[in-house]
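Several structures are given next for inspection.
Same chain, two partners: chain A is paired with chain B first, then with chain C.
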Partner chain A sequence: MANPDINKYYRRNKLPHIWCPGCGHGIITGAIVRAIDQAGLDQDKTVVISGIGCSGRAPGYLKFDTLHTTHGRALAFATGVKMANPELNLIVITGDGDGAAIGGNHLIHACRRNINITTVMYNNSIYGMTSGQFSPTTPTGSLATTAPYGNIDTQFDVSNLAMAAGATYVGRSTSYHVRELIDLITNGIKHQGFSFIEAVTHCHTQFGRKNDLGGPMEMMEWQKENYIPVKAWAKLSAAEKEVKKTRGLLKEEEREEYTDKYLALIKQVQAGEEKNG
Partner chain B sequence: MKTEKVLLQGNEAVVEGALLAGVRFFAGYPITPSSEIAEGFSRRLPLVGGKFIQMEDELGAMAATIGGSLAGLKSITATSGPGFSLKQENLGFGIMIEAPCVVVNVSRTGPSTGLPTSPSQGDIMQTRWGTHGDHPAVVLAPSTVSNTVDLTIKAFNFSEMLRTPVILMLDEVVGHMRENVLLPAADAIEIIDRKRPDGNKANFKPYEVKGHDHVPPMPDYGQGYHYHTTGLYHDETGFPRGKSEDAEKLMLRLMHKVDYYRDEITLVEKKYLSDAKIAVLAYGSVARSAESAVEMARNNGIKVGFMQIKTVWPFPEKEVAELAQKVDKIIVPELNYGQYVREVTRAAGGMAEVIPLNRFAGQLISPATIKEMIEEED
Partner chain C sequence: MPNKKVEIDAPDWCKGCGICIYRCPVDVLELKEGKIAITKPDNCIGCEMCELICPDFVLKVVEK
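Let's look at the complex of A and B:
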């Protein structure tokens, strides 16, 4: 892959970003713009929508029509935009708290409808912006500001949720495996239907420090060791599968896209009206 | 095109009025007693190339409605009390980012699940103050089915003109009552569309105001303006800076744009006031009982007048103060424990005695009940 000129996709006067030094969110945001470039999207016809939290700030740095919405609701806003004008390309940026907790219902139903929106979940396993409360993807047993005795909640595998709910393209990678992440997002954008890409990343400030996981480098090393390509993961022992997680393309299937279905419905009922009228 | 006489219920009248106003997008969630609005749009919108979507919840319905508006379509959602409570956060977002749309609340008796099929005006203060923080509110309350057609068209016009969500507050009686209505011809009604920017995309500032009306022009998504929108306080560029000076400037502008158009959007009907010593002031379905009661009392020789508030918010300060100056007593019948009457009392400023008449348990207020009170106060 040639290194594209990604400057044109950034509002460079809004940089530097607000994220902590060493944060993975910049890497994921960079992966998104490279994927937009690789997929050949028209910058004028692309809308980037986010919710609340650290991930929610990403669209502010991106030079498209961008919308920073309420907590958890990005997909619902995006659904309205896409229905109203299906010619627009919709990218939704969410986090593990935003997308899997408060906005979980919208995620399930966007998957079910198979509406052509590409969702990238910045999964750093913690509520970073509010200073380190446990999220649905915080590992069981971890410490958080609201889990001072260790988290008793069961960790959510959001990619599994997306697959079960009917997303037709699901991929997972990490801020360490950035080339793979770019390719997954690119193919998710090209996919005609709902695509969900879980971008695993680290929050050394709120999660790593509390749990003695080291700085950004150590946490990215951990991503490297613990996220295994799907095929290699299948060959692991049962005990290893308990610890290690899959990365790569997890699901890809064809199913009629929601706004296409609605446009067909319009055609059908208008034709019926003419016939009856 | 000709006017058309049709038998409609209030909820269906919302659909007809909205279509006349040019609506092309509805996002909603089923709830009694508003469901006929969603049903109507699901049938009618695809026929005109518009879009209908039933969302997974009320929050999503409000969000998608705003999304439809940002993409350039006239958009509407409908709900009732419990759903209206759920919509409040994104309603505030719509006010903050200045997304024109219409939110219908066919109100029922609350709080909580309450009496789902009984009328109420218990949400009247929620339509004003439901979302958190200071904010302007524009709320219209029809009293009849034909009034509903008219005010639905106006709700869209006001929302486009002011670039803000407008609430249309029906109650269960207006929503479900059936009446003959004369639908206006499409070419006979005034339609207002939002101002759009002039096409100059270099250094475009989405919240820069050039006219006197404090309303910035609004591009559609996909027109190449590459603009940013956030529920955080923002400056003219649309970006947050976390500064009090930006917050002050934006809040004042949100308030001033409603003030600027106040005379145009204030809809108040006055009847029989020239000789009146007593006035009955009402809104929504109760206005109908009130008008009948006033007419019955006048037939018995009582000098009583009538004021119907169609634009319930912003509160018609001037009109109510003038009324208080003119009459000795103002009777305010409401389907709640006494909410709007407090505003009337405040605006009357002691110039007239303000007397509440309340039903809050799902009953109507009949013309006879209001007439009795008029007779008592005469």
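Let's look at the complex of A and C:
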């Protein structure tokens, strides 16, 4: 049920946003705002941090303490904020180029540490802002400005990456499945530890145009057909599994959170010093 | 159940993409001169899909 007061989370004087007509980034940003509301976070105790790219623009439209940081480094800044002020709620917004390429190392180590940050990756399979270079999530064979004869790289499954690196909450949904996306982000925020939500979205301006995939509606129809709930996906044939991808909650487990561990260590060391001193 | 209906909260932000029209299950919305318009308000079932899917935060579903 939508909160009629949802407008309080937007910097309305900064809108309309710069994203293209029909861009999925607005849908995901709206989903994050609703998830923050549903999770009941204190607006004054919530920090939203992004890197560079189309996704990096999102915090500029959101009325929280926000940081628009350097390319790929949103998680490094967020780790610093969280370590200095563990009582704050941290939301990181990144893209597939920002978070899986230049920021890939920060992502895997944030997963490994299990620091209590909720990361939403806007995955549109392309570098949209800089005119459509291929990214780590561009499908093999797809066209991009830097792959005019087809991308020869193997596509990264960033949710699998996050799970393997040790994230304790991982979910994936799409700009078409917006209700599921809101629920995944809400539960990711509530989760104690590192949460990674892959928000698959459409970039009809760059990726869609170069690959003849149509406009936003056609690309969202494609998401509807090709992203399958985890349980239904498990029943598909091996050939179908090659093409279709899972959506929904992919991983949830409990493991000690990083700032808790750090504060416990400080306490332990200080107690030891008092005893010895 | 309260009676909920769509309304245009921020008409100037509409970029005319039409995603709300595509997702509306009951044919409430239409584009008029490139901007969204509520042409069949009586059809609205208050499902909120248009509000959630609008990339430009234009639509709100409110209690009437």
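As a convention for this text, the second predicted complex is superposed on the first by the 274 of 277 C-alpha atoms of A that agree within 3 Å, B and C clash if a C-alpha of one lies under 4 Å from a C-alpha of the other, contacts with A are read in each partner's own complex, and residues count from 1 in each chain.
Throughout what follows, a residue touches a chain if its C-beta (ideal position, glycine included) is under 8 Å from a C-beta of that chain, and two chains touch if they have at least 3 such contacts.
The model shown is predicted, which means the values in this text are computed figures rather than measured ones.
Look at A:16: by the touch rule set out above, it reaches chain C but stays clear of chain B. Looking at the shared chain after the overlay, A:252 reaches neither chain B nor chain C. Look at A:260: by the touch rule set out above, it reaches neither chain B nor chain C.
By the touch criterion defined above, A:273 lies against chain B but remains apart from chain C after alignment on the C-alpha atoms of chain A. In the superposed model, A:60 lies in contact with chain B only, and not with chain C.
In the superposition on chain A, contact is made by A:43 with chain B only, not with chain C. Once the two structures are superposed, chain B and chain C can be ranked by residues of chain A touched, with B on top. In the superposition on chain A, contact of A:157 is made with neither chain B nor chain C. With the contact threshold set out at the top, not one residue of chain A is in contact with chain B in one structure and with chain C in the other.
Residues of chain A touching chain C in their complex: 1-2, 4, 6-7, 10, 12, 15-17, 19-27, 30-31, 34, 178-179, 182, 216-217, 220.
Within the complex, the chain A residues that touch chain B are 11, 14, 43-45, 47, 59-60, 63-70, 73, 76-85, 87-88, 105-106, 108-109, 262, 265-266, 269-270, 273. Within the complex formed with chain A, the residues of chain B that make contact are 24-25, 27, 46-47, 49, 51, 53, 55-57, 59-61, 63-73, 75, 89-90, 93, 220-232, 239-240.
In the complex of the two chains, the chain C residues touching chain A come out as 9-10, 12-13, 15-19, 22, 48-49, 51-57, 60-63.
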